[in-house]
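To keep things simple, chains are lettered A, B, C, D and E as they appear, and every chain counts its residues starting from 1.
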């Protein structure tokens, strides 16, 4: 029960980091007696708006820079503490039992052919889901967007897109490499070149008005090799 | 006012919402009345189970229901596959699927309200109609059903409102495809997820409310007319 | 023939009855509140299923627990006027009236809409909803509704209780006529002996779920053991007669019983038609010699056969005048006249004190 | 004093009445179905608000449109027995009975639970729910419930229609006694003249929303213009008397009117107490000479004052015997006895043909 | 079975869900009955507007409702700020907020069901009670309310089930804080975000269904007992 702990950090983390952050929280508590992490996982946008409305969060881990910028503009984060913790990549996946040959994702490649006559491409909604936004940018840069934009199945979040492919409802999907890595029901059939979309960064920062000192301690921990190892285990790209 | 200058996308979402909700309610009404009747009038083993199943869409998060629908009614689903193969009916990624999702989510509300009013129908009146020569089916349609009107109106309005607002199951089951499955709540949700979407979101909010109000006023008028008929 | 044998338990109440009703004409179900009358009627209508028993109307088995026959209500062709009206609240009075009528094939209808509406005086209510009717208006519509199904049998559960006497006086003969003309049996529940007397040929007396007595109305009314259950202050004699002269010069009808003539106010009957007359014992006086120059038209010599002490200051005396005639006299008269069983006396009846029941009741 | 003046329109029906009732005792509201009786009673109870008018009970203004007074029903202390029972379905019979009783302060209660339950014969039903009662049982509970509020006034809308005669005979005198002992007015709706005769001192005749006539019951009953509206086959004489001898050796009560003595079956009254007797014209015979050796106890010399031709074979003859006494005779007797106005005759009344009404009805 | 070996987190979520739903229903019941009464029995200008407002939580996606709650009742919100300052009541990010979100979402269901049964109450019985000396308030509590029991049971079960399943408004308003605002559906959501979470998700699903079933069975028993009372 949190009441007894000396310090209890409330960590608002993007839902896509759920497993990594859960493990890291346990690790952090084990290494630092008297300190605890209580995570709250939801979409980056929801969390950002909650912080804007005065949520008692101490640390915010966003799945994209836009919502971190949103809070920075409103002075709701300790800007000095902000850094990009993780990187991710967009991959093209197909159901594990799919017979589809690997696709070389290069300028001018045609996704439509791979989708068949009535298949759809499962994506996080490119209007607002970060994975979808990155995917759209990449497809635009590769000149393939026009061919597929009417063949999308835009989902509420990237996890839903993954499910759609897992179930075979969509023959292809665009998800994070981290999502693809953890699901045994899909396989990666193509990886997007790094330069086809803006870097997929997971910025983290202490929340203004929170327990800044304790937050700094935790943020420091996130940079340690043991924390990195956890992130890498779940397929994240940890760069400085 | 700019409120009523809807973009093409918004207009499409509005139309789709009405269409989907209308179908969801219309198609589930007979089943709802049947279910209400079965639950109110029959006694059979497993009744509690059936009752519980009907309430599932309320108890589980909509996304979960959407997921279950996907698993069962998706093209690779147990039922969905059969539907596709034998009837050529595809529910995934089109408005029919959206209507189904809405109907499933609204079903418990419909059934409960209808059942409540059915339980209030004086069986003495049904008996009287029987002695006048009407068989059970005729009695149901000429006596029981008319006397259930208040509950049916309530059930329909609840179901319609719930369908209009249905989001989680819909987006999970049939995705958020503009013009095909993007109903008002899905469009609205999209707007709330982007930093500068607030104005648009507010507009769609108000629009939803207006539709609901219109539906409510209609239902009130219907109900009042019915009550007036009863009082003669 | 109406054959009813029922065994049923509800709560603490056990109903166990067996009786028969006439194939046509009215059978009255008479008994105190809570005796089981409504339960019986519900079972005949098919709305309640008896635990065991048999119900048959004119040979048609409606229910037979032994043979697992249980016709649904709508197949029984029974018109039922409920104790509490039960009009359909969502339908107009007209629609209530025609609800059952429309379900009756045209060729089986023998009751017409207009005459029934006229008779019941509900023509001005046709467009109303039941909730806007007065108590009596509701009941009249309920009667009309049942009649208009042209039923093979009528069940009436205290249908006239909320009708005013004038309306009652109109509706009663109509029911009798209906029962007679179309030869349908009527099972009629009532507490009001008055109504029954004007209506019924047979009576079934129910008490605490059992048949106390049943049979011919006249026979039951003259049984002294049943008097306490009839709940009336007076006893009556019922005499079966035949019309000798429908209307004499003074407008009186002459009725013959045995070799005697009874003069009553003219009644609507053909010569030779059987007529039943009821004479309250209070209306019969006894004299030791025939009084002269009085307004008594009926003076019959007879003999005292029985004296029933009712306790208190009165007693009932049965005088044999070719039939049994009860006279209620005070103890004072008894002593003054020194009356004894076997004594010859004169029975005086004012002709106007005679009322006539349905003639089909008489053998 | 019960003062009622009402003007109200509902649908096509206009109610416009003004009448007064006695401060205590029973005022009967009599009229055909749909006349507006229930509407009046509802307004007195405060359940319906008249468009205009005034309602006062013993000086307490319950409603006055001019002064904008409209007491809510619960403030009126009125016990109301509804035409349709209206028992609370979620409460047991006992809880229904005590619902209003508990709301009555102990010091204002004058009706006790046990006697009422006994009187109404509902002791064995106390634990039941209303839906499991028979029609008459429901009505008895409804009566008990209203009585147990120890009301300042009672409204009864055809309360006895579904009661069997025996029960009726028990309940009626209780209501009269209640009204008399506690000096509360009772407004009693009924179609049954019988009930009214045994109960009411005053009568208000309603027809189509208007007062046809109101006033003393006796006066109304003897008005020949009202006879058609009374819906009865016979006319009656009502005679106000005083008890001379409560019970003689034969158990007869001697009643004095003027200098005459009328002998009736013993009635429960003190010496000197006023008693009203009703004598049906059918029970009065006329003779030109006093008959000897008959069971007639009451033989009064008198004079024919009026002859009313009723059409048909009978006519009513008014004989002055110290008061007016109606006798119904046949045209045949008229001719045979050669009766004329002014002619001296003897009126014969069997003592047992006398029934008595509540004595407080007499002046 | 491993189904019943709940982790500490799941157990906490289960307890919290029951607590939150229980409070949501208990606290909104009086208001719901009042609202039902006002809508069923009074006539006033703006009634349709009020009715419409009450149905908002049905018509709008839960996320939007959650967002509106956040904006208004968050610590920086118009109402939330005042509540905090003057009453010291904070709703944001604790179980009270979760209960509020659940209550708001379930409210239309509660009101509608209660109203339906209220409209079925025979006013003649209320009149009868008035003549027995009971004032309007007493009549309401001793006659009207008991006769509304079937509708209240229906409303409560609908509201409770809806509260149990409430997700969108809750996560948006009070976030997904383990042990504090993480109810069953939120825990379920969190599990769907992890790759090996399906078994756990299924377990929580079944758990939700079991709770709902238990609640249903209880309500049926209550209803049957009530019906039995009515029949004597």
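Just a few scattered comments:
In the analysis below, a contact is a pair of C-beta atoms (placed from the backbone, for glycine too) under 8 Å apart; a residue touches a chain by one contact, two chains touch by 3 or more.
In this text, all values refer to a predicted model and were calculated from it rather than measured experimentally.
Graph distance from chain A to chain E, where chains that touch are one step apart, equals 1. In terms of their C-alpha centroids, the spacing between chain A and chain D amounts to 91 Å. Centroids of chain C and chain E (each the mean of its C-alpha atoms) stand 61 Å apart.
Computed from the mean C-alpha positions, the centre of chain D lies at a distance of 58 Å from the centre of chain E. Shown for chain B are the residues that touch two or more other chains, namely 63, 67, 168, 189, 192.
Annotation for chain A: no residues touch 2 or more other chains. Multi-chain contact residues, meaning those touching two or more other chains, occur in chain D at positions 84, 128, 132.
Listed by chain label, the pairs that touch are A-B, A-E, B-C, B-E, C-D, D-E. Chain C makes touch with chain B in their complex at residues 45-47, 72-74, 76-80, 82, 84, 86-90, 92, 99-100, 103-104, 128-132, 145-146, 149. Of all the residues in chain B, the ones that touch chain C in their complex are 124-125, 127-136, 138, 142-143, 146-147, 149, 226, 229-232.
Contacts from chain B toward chain A in the complex involve residues 63, 67, 70-71, 74-77, 92-93, 168, 171-172, 175-177, 189-190, 192-195, 197.
Only residues 10-11, 31-34, 37-38, 83-84, 128, 132-137, 139-140, 157-158, 161-169, 191-193, 230-232, 248, 250-252, 263, 265-266, 282-283, 285-289, 291-297, 312-314, 327-333, 335, 337, 348, 350-353 of chain D touch chain C when the two sit together in their complex. Interface of chain A with chain E (complex): residues 1-2, 10, 12, 15-16, 18-19, 22, 38-42, 46-47, 49-50, 53-57, 159, 182-183.
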